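First chain written, first letter: the chains are A, B, C and D, and each begins at residue 1.
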Amino acid sequence: MKTAQEYLESLKQLKPKVYLNGEKVDSILKNPVTKTVVDAMAKIYEMAQDPKYENIMTAYSPYINEKINRCLHIFQSVQDLEKRVEMAILTSQVLGTCNYRCPGCDALNALASVTYEMDKKLGTNYNKRFVEYLKWVQKNDLACSGSLTDAKGDRSKRPKEQDPDMYIHVVEKGDDGIVVRGARVHQSGSIAAHEHIILPGITFRKGEEEYAVAFAVPNGTKGLTYICQYTPEDAERLHTEDTYHLGNPIYGVRETCMMIFDDVFIPWERVFMCGEVEFTRHMWSRFARIHRMSCGGACKVGFGDLMIGAAQTMAEYLGVAEAYHIREKIIEMVKINETLHACALAAALKGTEEPEGSGVYLPDRMYSNIAKLNCADGFWKLMALLGDIVGGLAVTMPSEKELKNPDTSEYIKKYLKAAVPAEKRMRMTKFIQNWSAGLHGVGTWHGAGSTQTQRLEIYRTVDLEEKKELAKKLAGIKD
Amino acid sequence: MKTAQEYLESLKQLKPKVYLNGEKVDSILKNPVTKTVVDAMAKIYEMAQDPKYENIMTAYSPYINEKINRCLHIFQSVQDLEKRVEMAILTSQVLGTCNYRCPGCDALNALASVTYEMDKKLGTNYNKRFVEYLKWVQKNDLACSGSLTDAKGDRSKRPKEQDPDMYIHVVEKGDDGIVVRGARVHQSGSIAAHEHIILPGITFRKGEEEYAVAFAVPNGTKGLTYICQYTPEDAERLHTEDTYHLGNPIYGVRETCMMIFDDVFIPWERVFMCGEVEFTRHMWSRFARIHRMSCGGACKVGFGDLMIGAAQTMAEYLGVAEAYHIREKIIEMVKINETLHACALAAALKGTEEPEGSGVYLPDRMYSNIAKLNCADGFWKLMALLGDIVGGLAVTMPSEKELKNPDTSEYIKKYLKAAVPAEKRMRMTKFIQNWSAGLHGVGTWHGAGSTQTQRLEIYRTVDLEEKKELAKKLAGIKD
Amino acid sequence: MKTAQEYLESLKQLKPKVYLNGEKVDSILKNPVTKTVVDAMAKIYEMAQDPKYENIMTAYSPYINEKINRCLHIFQSVQDLEKRVEMAILTSQVLGTCNYRCPGCDALNALASVTYEMDKKLGTNYNKRFVEYLKWVQKNDLACSGSLTDAKGDRSKRPKEQDPDMYIHVVEKGDDGIVVRGARVHQSGSIAAHEHIILPGITFRKGEEEYAVAFAVPNGTKGLTYICQYTPEDAERLHTEDTYHLGNPIYGVRETCMMIFDDVFIPWERVFMCGEVEFTRHMWSRFARIHRMSCGGACKVGFGDLMIGAAQTMAEYLGVAEAYHIREKIIEMVKINETLHACALAAALKGTEEPEGSGVYLPDRMYSNIAKLNCADGFWKLMALLGDIVGGLAVTMPSEKELKNPDTSEYIKKYLKAAVPAEKRMRMTKFIQNWSAGLHGVGTWHGAGSTQTQRLEIYRTVDLEEKKELAKKLAGIKD
Amino acid sequence: MKTAQEYLESLKQLKPKVYLNGEKVDSILKNPVTKTVVDAMAKIYEMAQDPKYENIMTAYSPYINEKINRCLHIFQSVQDLEKRVEMAILTSQVLGTCNYRCPGCDALNALASVTYEMDKKLGTNYNKRFVEYLKWVQKNDLACSGSLTDAKGDRSKRPKEQDPDMYIHVVEKGDDGIVVRGARVHQSGSIAAHEHIILPGITFRKGEEEYAVAFAVPNGTKGLTYICQYTPEDAERLHTEDTYHLGNPIYGVRETCMMIFDDVFIPWERVFMCGEVEFTRHMWSRFARIHRMSCGGACKVGFGDLMIGAAQTMAEYLGVAEAYHIREKIIEMVKINETLHACALAAALKGTEEPEGSGVYLPDRMYSNIAKLNCADGFWKLMALLGDIVGGLAVTMPSEKELKNPDTSEYIKKYLKAAVPAEKRMRMTKFIQNWSAGLHGVGTWHGAGSTQTQRLEIYRTVDLEEKKELAKKLAGIKD
């Protein structure tokens, strides 16, 4: 496995075309915004080397018979699924932002499951290709991003009813490989990943075969352009002298980009689906099943732990930790957070091998969708409760730079002290601003898919006929 | 194990003093209201004999090395806890009301855990006594009720600040045993149980030793009086000619009673705690931990399945099953129900041996409390959603007797038909009335303890210090 | 205006064919269930004579230049609308059940508004007819019920796609009048009203002209049959010796019936719409606009006051009124209730003359729909909060008859006492059972129309174009 | 009345000491952040001159017998209160941020009411002083800010138990006036107001007389220092070249500051309370009563209109406006927003003269507190619903600068187009980011006081005794 240092070295080889705020980014290792992604991903490499975290951050790969970073592991059991949950919680607790590895991990597992099924039912050899690819990334301990969300354009229209490039698709097929075109949005951390795993993001239909495509592509491949998000938090980071004054000093907010595929060539050995529209639903749905567990009931639970910890700290700082209404709000935060956690645990521990014989374990489809659905709503409530406890200062606080401004520092120290000095209170207040007055509500809502997609999956999963029978039987109704 | 018939026979030996609606009940097997309890409990015996349910309804007892009814089983593993969840769901689905065995089962397990710990720490021999007692009930396959809720009186006062009998307590101690006095409320099905398991229901303090008492007492013991609840649903059942016209025709609503202990003698071999106030919290808290899993995340999930099944059936009867807002309401019901289920599964599958060495597995304390807390709120929402779909007829429907009234039957058949004949629609509507316009909201809220008790247990369980450390570390605050 | 006694006398003239629980009701004044309707309606007559209530319960009619019962008043101003709200709150507070006059009042107002518009636009003379009819009911101080809800049958089908009688319609037109057939469900108190006001309940379309019919019909007209609801609460009342033991001793629960129209003749002077499908939307929509204010934001607010009063009383009885979580729940109940109240006040005080020149004031369409929509959800929450505070005894309490049972009365008195004697606690507990463990949730949800109808009316009412312009302007977007 | 230009000119006379991000602000008219405050306040002057808004933005002052800006008006009637609501909605719709005049307006009205009562009960002459002051600000059309929130420090301690300066207090009293010390936080727009109105923010007790102080102080008075908030949004604005790329291009986010009172001299004619601790509750409570109406049910309703308009616009841009779940979300947003509006209207239209004889009308205390309480929760829901509809791009969108970047502009235009060109979609997405992914949730929660303060005011306002009587009477309980 790579050390953090080796990861950073490896990045220097990459030459992605990255743009941010209208300008080219010379070095993603140096730009203050893109650096947060690099640092977060390096931390994951570091944690995998740390004996304290070994049990969670690494796994044993039966494919290469070696210890690997768990982010590259194919789930062999429900215990693996539970560890997957624990890993997401842990990294969220440590980073306070995206670990940038979840979609990649979950996409690899979806591929492991679906390519197996495709080969079995269609006689293709995608799984073999995929396993070769998998061994290679495991051996080389490469960071993989995962990607499903197309540009989409006008959503009332199918792909071919509008600009055909609004969904990634094959524009050319040759002996050596395929050429793809399109764009992906919301790509978390892909600028600093070695590899991108691309899956179809919706169910395509007969006649839309060119859109049914899954593949892997290396960072910086010819034709790829990365255009970064630009948010107020990014602006603040770009223009601060001291990142200690930021809400999450080192790791910042989740950074994403649009990834443009301008006729990118993919050799056949990296193509894992090409035209099999009837399996597109399996692809996104199995990815979603995993990702809604790891996102809704794990990653966000780690964030929730930070928010609860921050709320309690601030309550103590302000001298209100014993007020009954504050205590009730803390309890409410814990209830929400642990409900999400419980859903993820149920998803993991009731997981099943799918398809049978594949050796790949997937979380329970009902509980993983419910984890994410509860999370979307619950996270806004966590934000509101945290924002309640911290007080209005979370949005009205002066800059921590004032602490060094000779004209104002005495005032600030005097009037922003509470049961602790002003410095601590301000630091924790800024930390909380990041959670309760920024990007998290919307980000959490849409991460792993908008709530309506979870609702529909739940409807597809529930067995209403069985429940109807139970009710009729007890009511004494015979059909 | 007893057959249902043997259970019914055994009841004939019992002579409990039972009162209902101001009158003495001659035979609990014949009175239409008490009979529902008997029939439900008989069904549990029947299900334990049914090969179809064997895996869920029976277990292997290491105490007597025999197959036993799972309601008498001491949990040996997390798998046992999961089966406990499945059993509660199953019986709820089949009975549509209380199975009347959960509190007894959960009280036996609490005793198994706490008496072990007491003996270890205090050098008592309660556990030995308990195990002897347990073997006897397992051998004889006896139905045990469980009991924790005292009369309480004025809740702003401690037991000794008011009529001292408001909490069950020891009024006399002798060589052969103790004499207890007090009353228990909300006793589900105890009239038809062979044995009653009595635990302390709150944390008693130094100086309140006489209240720290746990014991078992047979049905109909001298000094015991049972005064049944009387609800509109009971009135309806007492005065109907045809139980087919009732919401839950055979098994009715949950029937409880007050159980009065008017100086009841308990021999020492049936006393499992006597004066150890420092273990009263363990007793109710471990009982609650089990019961909040089996009640909040299992029993009610089985009810929820019936409600979802009824909602979907009714939607189809009315021709609205395809309306998007109906479908969304069904999804919402499933989401709520499966969230509770997930919490119970997490509680079971993350259960632990407690205390170590005891061989007794208890559910995770956080998740079981959260299961119940979510259930309290969620069940009212299920009721509202079901009540929405069924329409106003759930509260305005004429009696099904009109179907046989020559003056009205043609009108009823004509005007209450929908996509199905009026008979079916009326039957299902009445079934739904039972769920959405009756006793369930309040009953579910308070069953296994009111929500504030769960909230406090959550607060006692959560590790806020750990979360504070995580937040401070990321914010860069050093203490 | 009639006295209560005169009202009761007048009822003796009526000979409606009424059925309850499969049997004919000989006298609605004597049957314990139907008597609650009679007593409630008599109370309204009594209150209108009471100087204490004069300001609220009576109004001055410009049609007959006399003081009249406000239930028969056509709103002349926003002050009248506000009094309408106050009247509904007051009668709910006094009766604890339906006053059985709201739909009639609101239907008369809808007719006053829509017939005026029809005459103006179509040259009909419905309004003249209506005013003559109105004067007659005002002069004679008659109790009018109002009716909009048809049997409907299979809701996926239009009226003519199924049994055509599932919606009331004209089956014959003659020189003297029309003959109508169909059935109405959920008819609150119509058995004891002198007159029934029938409006179309949905929007009918071209080709469905026979369904576009509004008229008035006297109680007991040939062809009319009333089939009463039958609920557990009705069963309890039919079979109690002492109504003091019931939740609402005198006035009981809301009693409704199905009203069958088996070819009922209506003379032309009582027909207020006949074939004008394009005005059917106006008819139900304006009725709904009034009724959703008086139901959602007034009637239920009076109930809410009783529930809050009961909750606080019970909290004091149990000695927990000072517990912070109880106080917070009381506050939550008040917040919910006064939010509904505020919506009704906004609906009333922002009311407008509609159509202009008619002299009829209608509540604001947005706020009245919002009042009801908030109420549907809010009332379930009130029930849950009340049910929380009262404790499990609300569903497990023995009969108050035990207080006179020599075998049990001492036990009951001893063990159900709290900070007050058992008698008071039991009385209040039974009162609360009526509110939190019975028919109210479903009844309130569907009264004045199910929530989806309010949602659609809100969508029809809101001016999205205006809001889009505001947003675009500020964002700097030019179309 | 001043024109906007005259207002801007007048600002040049002011020399406030203002700090932002650790640096001195040379000119509040030029600094990009402080300029948004100036521009918003200038817009209020402009609107007051605009005949289109005259009816809402101006009023007739009986004090100076002239037309004045409504922000300086003392409410003479419930109609004035309703106009107050309309004004707040309008300015929010136009500015999309704080109008910076509400607290000042509401503080003047609180002073008008309380000083009248103090003079009457205590024989002081505060009201006379206040009226003279009021005439002067009305005559000169001065912008007044209002202020109640002290630094507070450790909230578990009373003012004298900690650094005594944590609450503003009198440190010296002389013949000419008083000297005050302390600091105020969350001061919206005070940097650009001519006058600051300072009221006590909590209830002070006997022995804390020096804290019971109300007064007016001109901008830039000796001893005053303003330290501005610094948020990510401020950073973004400070460092953008083109404000068109910001969420609210011209008016930005609500800008506040801390206002330090370092021994500021206040002449007696500007002192309106000094030592009367028994009236401190009246002061903050009446201010709150007004401000919770204008904030919770008006200002935020105008924001809500923008959010609904933005949601609908975006739904159309994306081609999903007809999707049922989108429509339902729009309806839900309208329901929430109009519920707040209804509460404010009820507060206004049920307002009363207080105290009698004062000529000052205050909103109903119950409804104004309920308006704010519902708003706190409702606004987070509006944010979530808007964030749902806009999609993840609200937090992952690249900068609009990319539209001019030759390397990326074609990609951006191609892949971010939807049913409209990318420019429009991006503009509206950025506008929505401002609402759903920024400061509004926490700001709205705490503006006009945190929710617990509203809850307590509701508890103080409700008449529980009356409700208990109603319940007992109907239950048949005699005390």
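Quick note on the criterion: a contact is a pair of C-beta atoms (placed from the backbone, for glycine too) under 8 Å apart; a residue touches a chain by one contact, two chains touch by 3 or more.
None of these values were measured; they are calculated from a predicted model.
K.L.:
Using the touch definition from the top, list the chains contacting both chain A and chain B.
P.N.:
Chains in contact with chain A as well as chain B: C, D.
K.L.:
Which chain pair shares more contacting C-beta pairs: B-D, or A-D?
P.N.:
A-D
K.L.:
What chain is the most remote from chain C, judged by the mean position of CA atoms in each chain?
P.N.:
Ranked by distance of C-alpha centres from chain C, the top chain is A.
K.L.:
Can you compute the centre-to-centre distance for chain B and chain D, using the mean CA position of each chain? Integer Å is fine.
P.N.:
It comes to 52 Å between the two C-alpha centres.
K.L.:
Centroid from C-alpha atoms only, then distance chain A to chain D, rounded to Å. What do you get?
P.N.:
About 38 Å separates the centre of chain A from that of chain D.
K.L.:
If I count partner chains per residue in chain D, which residues reach a count of at least 2?
P.N.:
325, 328
K.L.:
Inside the complex, what are the residues of chain A that reach chain C?
P.N.:
It is residues 324-325, 328 of chain A that touch chain C.
K.L.:
Give every residue of chain A touching chain D within the complex, in rising order.
P.N.:
Interface residues on chain A, with respect to chain D: 17, 19-24, 149, 151-157, 163, 165-166, 183, 185-186, 225, 227-233, 235-236, 238-240, 256-258, 260, 262, 318-320, 322, 325, 377, 380-381, 383-384, 387-388, 390-399, 401-402, 404-405, 407-408, 411-412, 414-419, 433, 436-439, 441-443, 445-447, 450-452.
K.L.:
Where on chain D is chain C touching in the complex?
P.N.:
93-96, 244, 248-249, 251, 305-310, 312-313, 327-328, 330-331, 334-335, 338-339, 341-343, 345-347, 349-350, 366-367, 370-371, 373-374, 424, 427-428, 430-431, 455, 458-459, 462, 464, 466-472, 474-477
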